[in-house]
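Presented below are the structures under discussion, each in the form of structure tokens.
One chain, chain A, links the two complexes that follow: it is found with chain B in the first and with chain C in the second.
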Partner chain A sequence: MAFIPHTAADVAAMLAAIGVASIEELFDEIPAALRVKSLAGIPESMNEMEIGRLMKERARADGRPLCFIGAGAYEHHIPAAVWAITTRGEFYSAYTPYQAEASQGTLQLIYEYQTMIASLTGMEVANASLYDGASAVAEASLMAVRVNRRSKSQRILVPATMHPHYRKVAVATASNQGLRFEELPYCTDEGCTPAGALARYDGEDITALVIQQPNFFGRLEDVDALTDWAHARGILVIAVVNPTSLALLKPPGEWGNKGADIAVGEGQPLGVPLSGGGPYFGFMTTRMEFVRQMPGRIAGRTLDLNGREGFTLTLQAREQHIRRARATSNICTNQGLLMTAATIYMSLMGPQGLERTAAVSHARTGELIAGLTRLKGVRAAFKGPCFHEAVVSLDRPVAPLLQALANRDILGGLDLWEYYPELGPALLVCATETKTAADIDRYIAALGECLHSVRHAPHGRPARLAQPRR
Partner chain B sequence: MRTREQLIFEQSHPGRGATDQWPHDSGPDSIADLPAKLRRARRPLLPEVGELEAVRHFTRLSQLNFSIDTHFYPLGSCTMKYNPRACNEYAMLPEFLARHPLGPESHGQGLLACLYELQEMLKEVTGMQAVALSPMAGAHGEFAGVAMIRAYHRSRADLARNEIIVPEAAHGTNPATATMCGCVVREIAVNAEGDVDLEALKAAVGANTAGIMLTNPSTLGVFERRIEEVARIVHAAGGLLYYDGANLNAILGKVRPGDMGFDVIHMNLHKTFSTPHGGGGPGAGAVGVSARLQPFLPIPLVGKEEGAKVTAFAPESQGPQAAFDKGEGERYRWLAEKDLPQSIGRLSGFMGNAGVLLRAYIYMRMLGREGMRQVGEYATLNANYLLRRLTEQGFDAAYPSRRASHEFIITLKRQAREFNVTAMDFAKRLLDHGFHAPTTYFPLLVPECLLIEPTETEGKDVLDAFAAAMAQIQEEAEQEPERLRSAPHTMPVRRLDDVRAAKQLDLTWKPTAQS
Partner chain C sequence: MSKVPADLEYTKTHEWVRALADGTFEIGITDHAQHSLGDLVFVEVPEAGRAVKAGEPCAVVESVKAASDVYAPIAGEVTAGNPRLASEPETVNADPYGAGWLMRLRPAPGAAAAALLSPPDYQKLLHAEGD
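Let's turn to the complex of A and B:
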């Protein structure tokens, strides 16, 4: 039980060696009044067979619906080799590679990862991962304040077209240190941040501008113009990008004349399953000149006593275990195993495979949108190019339709009412390379039927959606 | 062990690829609508290798690591216990892996049931009133905890409270977290027996005290005996008590932080509840709170709903089984801003490290009530036994008058003086003996220290072998100290030049740098 190998004879010998009569005696420094009386709320133990049965039952309850939701987490094909290797005990059950000589596998892998993700984003250096895409935006904002010493305001401009959850996480994390996040309005016809939205900030002290590409709606922002506007005013640019898209889209390091200063994003599309929201990993890359302000672990290549190459964690003086209260961040454990999966994924896909994944995903979404907008009552919400995700407007509330689709085991997308009520009934949909033409046809046909059978809700929306939060 | 492995970029051949993994080409028309000025001009530097080459490369890399599955890993403060394979297997059932985080609750009742029950079990073993699961690592849980303390004081218009007290031996994440939360750190001393200096504490608390962050057992590997008095002093001054769950394994099933008077705690599920460390994560830093901090919990958390009645937190009067019985008409759902309007907010893009939470859930269900108690007992037995074996061989305990908790510190001050070797030399030489090194030079308070945590999942024979290796190394320190100073000798690399690594930064491979 409890994976404890001791025999009764072992225990007796150990107690004798220590010189106590019972295990209980080892707790004699703890005030008796504090000892646990009962743990009645913990059920009896289950063996592996029993827990297996329970978990399969629970999994069955969740089902395997056909999923057209994206919104920051994307269902891509994951080669079988990725998790077969990632879950090898040598990766799975190792600690952070502090003891470099006994961790060369993990350290070299981090170095390879840093090379890949830096190149993918067009930047010079990378860390070994952060918690997720949302927390990476928060960390990037804090880093921008440290880097942009000329700015005193700690004001960060964030487009309303950035993932709403990312905005919330940034506020919850960084406002404790006095950062202020100000929302840039977007054009409701185009679903993008217009250059005009920035004009009112001319001449003001702004620390950083965040740009998400593609944005939450899947729309492509004019990243060159936004980046150049910011740089002309001494404002740092934080790029928030989807790694799959970077096989096709201009990397942050090449945005505008100078390139973005910090790039972050959600690494999940690179070989990490959806798994109900995590574990995923955040990535962060930047310019070499800012590396000492970057949070998180970094692996570097160096030489050993014999002058042979090896890998070690470096620039640790930035980190909490050395710098304590003056560290760049409190982050310690990051998402190493997910970074491991992503490195294996990127190696299997290579530049061509990733490019094809991006292109096919984009094509599938195009087919989906074309089919959906042929239905009466459905139209594309925005004009202009998207990448592998898009918004459609509907002529009636979305929630009942999604419910009707879910009853047919189709997850039809994300209802935007709660986040962007000004768009009216709007649905964010995504199809990746994992969706076949038949899957897409099934969704379109089902939505067509639901549009027939689900009437306009007589009393408007369900009460829980009546008070949109913004 | 293997010696080394070429970088994957050096094995790359233009045009090669694991083509069976690629989707079928959709043709150039499929991306014709992407404007040229937003397109990428040059391909990224990703390796071009076949599937077998990639599999072989990463398998070989894995073989350069020590891990729990391959080696005894007594890393103090890290709780490197066995990570049961069942936890991985059943957390990775296809339905769980395919679940989209924004999918409807109707298609997530299985996952939500597990998370709800995990909240309930964590409440029970910690003695807290409510638990939220979304923080993604220990330090992230610390952040949530201190942010809740701040939010609590603010909600009472008690705005001057911005000081967080930490003992000088605390983990670095404690002061770093206080800073992240916009607080000021005040460090206080620890006395010669390893307990918090109560006079120093009394002098430190006051109208500015937001709270104190403590691990108990402390980072010195001993139980804070006067914890009730510490709680009284801090509470009387208007501050709150934060429990850093790094060392929860020591007292699991024996003592509960809630009963010691703590107001908020984080739990490292990747330590105490055996989810894997993964070479640096993912972890999970669930937080538990007393009643007064409940409104501030980070969202989302899981509630059970019956008609209009929502139970986020099963009342104790319902008894232990109530939490696990889902009656007719009951369903689980996410609780968000509307349910907790005073929440410190959202700390993750979706739902924290859900897959890690599932692993912890499976572990806890397998252990059950009795197993939970055994964890603390056998972790403590192993630590005290190993400490005894080492002191018998002449090693010096840092706190010889004290019981070990689940871990203990030995100081090699004497060996350093007599043989001119360091704790680091011992640590590196242990690698040659097939043991991962204990934590070195933490806490900094104790000179030339090794912090050793065997965990409950190691048997007596492993501990004996480790003690024997330490004895052998000590002998070597007397007779052939250079062997230690130049260790390790059998690993894939010798000791690495960290200064060079930091000065001549080489953080990415560059094709031009290669011949």
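Let's turn to the complex of A and C:
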């Protein structure tokens, strides 16, 4: 059954009213060469029973491996209440409504989400979420160009220690709008951006500096020094942060003397399951003085004519349903459902719960690294502290080891070879609060065995699980 | 009925232009424009030194319902944006032809201002738009 309410007569009447012969004609302005003629290669439709069975088979093929991969998406415990509430009919929508004030509950939720995210990042104002962490970095870069009117260059400095996919998405999104992303080298001993990497930009016109904390290697950058360096030169600072880490680390609003100007990040750790890579959501916060250049909307608490509390959209005039092509961003639709889950997650965890989650994750990763580096052929790649993720260097290629681990139902981490070949064989590993001491022991023992056997049998059984690419 | 002072020139997009003694032009939005937008909550003015083309969007006036571009009536270089509007955007509502000016512009050499409307012509335009 097709869920299309218009009858053929309705359609004919509407076409007649606007003087068009057929629906096809409405698409005339799309050049013929760009139009798909047929849907070759698209399989026949399936009924509900068939698709249900297919999905169950696919899920079974994924298995339930023990996961030590982080690299931007983190497995945390999600209290059962989070999704029980999120999937209630009142909340179960991907969108904030366009007739917003009719949906007071949704507006209150956005208001609470924005309050919590602003508080977590130590910033003044938050939008109602973005697609994901990577697109949030791209949006923050575009916003920095609008905000920093002193700078004409549209040059954005991005450390090589920022998530490689975030860098790629930022370039793909913003380079056609004239932004240039320039990569800052990192210290291969410490896995951080050294202050010296910035010296060559002294006196040049730079629009913004992006700083990821913790960085892609899980290491802590010297955010105060980097922020102050940028601000002393009229360069805006875009912070890219992990929300869980903010329960322990200094929030971007307090970096350096002035604090970061825009803070963004991936919201997935706040109650969103890994789900094979999405959907996730991005968050964005900034200073009040830049709020007009922030993509998205803000919900505010107010009083109605009768003096009763109510919620309303206080900032939406620059969104595309009002401003069309001249909107601040044309991808500022938020991730309403994921934001709902995050708000409920933060409410249930509270500051103390989030702090315990962060502290236990940090401790577990410490135990994991200590155990792994006791194995022959494994050493810590970098000196210095990390949050809940770290890089170990291995004495042989990583990929066969990961395959051998996958055969034992363990996802051992992310092979950095594709992204950072200069590090040699290197593995990015993560342990959150979901990993018990027994899980960590199991992984260390398995890697020890694989290091022993893979050397002798590099062509073992084919992996059941391909190396995930994030 | 909106006020249309007789000593100014106007555009079809509801900006007004005042010739100043030093050869620059002061630019704002008309009484009709501010009334249509309602209470302004934010005004974004261009920074001094910016070169603008005639018809180029160079300022934004924002009410709770809409954000509208303000177009440069003449090509030239911005000599000043009204600094008061950053903290007091409501000045545009209260005094659109005076303290609520948006920017001052030095016209580019040979810049044509031919498309500007006289006060009676602007009145006619407003009448046609139903004001």
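Simple rule for what comes next: the second predicted complex is superposed on the first by the 395 of 470 C-alpha atoms of A that agree within 3 Å, B and C clash if a C-alpha of one lies under 4 Å from a C-alpha of the other, contacts with A are read in each partner's own complex, and residues count from 1 in each chain.
By our rule, a residue touches a chain if its C-beta (ideal position, glycine included) is under 8 Å from a C-beta of that chain, and two chains touch if they have at least 3 such contacts.
No experiment lies behind these values; they were computed from the predicted model shown.
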Touched partner set for A:R149, first chain B, second chain C, both or neither: second
Touched partner set for A:A239, first chain B, second chain C, both or neither: neither
Touching partner for A:A299 - first (chain B), second (chain C), both, neither: first
Which superposed partner A:R323 touches (first chain B, second chain C, both, neither): both
Chain A residues contacted in one complex by chain B, in the other by chain C: 314, 317, 322-323, 326
Partner chain A, residues of chain C touching it in the complex: 42, 44, 47, 57, 62-67, 69
Sites on chain A touched by chain C in the complex: 149, 292, 314, 317-318, 322-323, 326
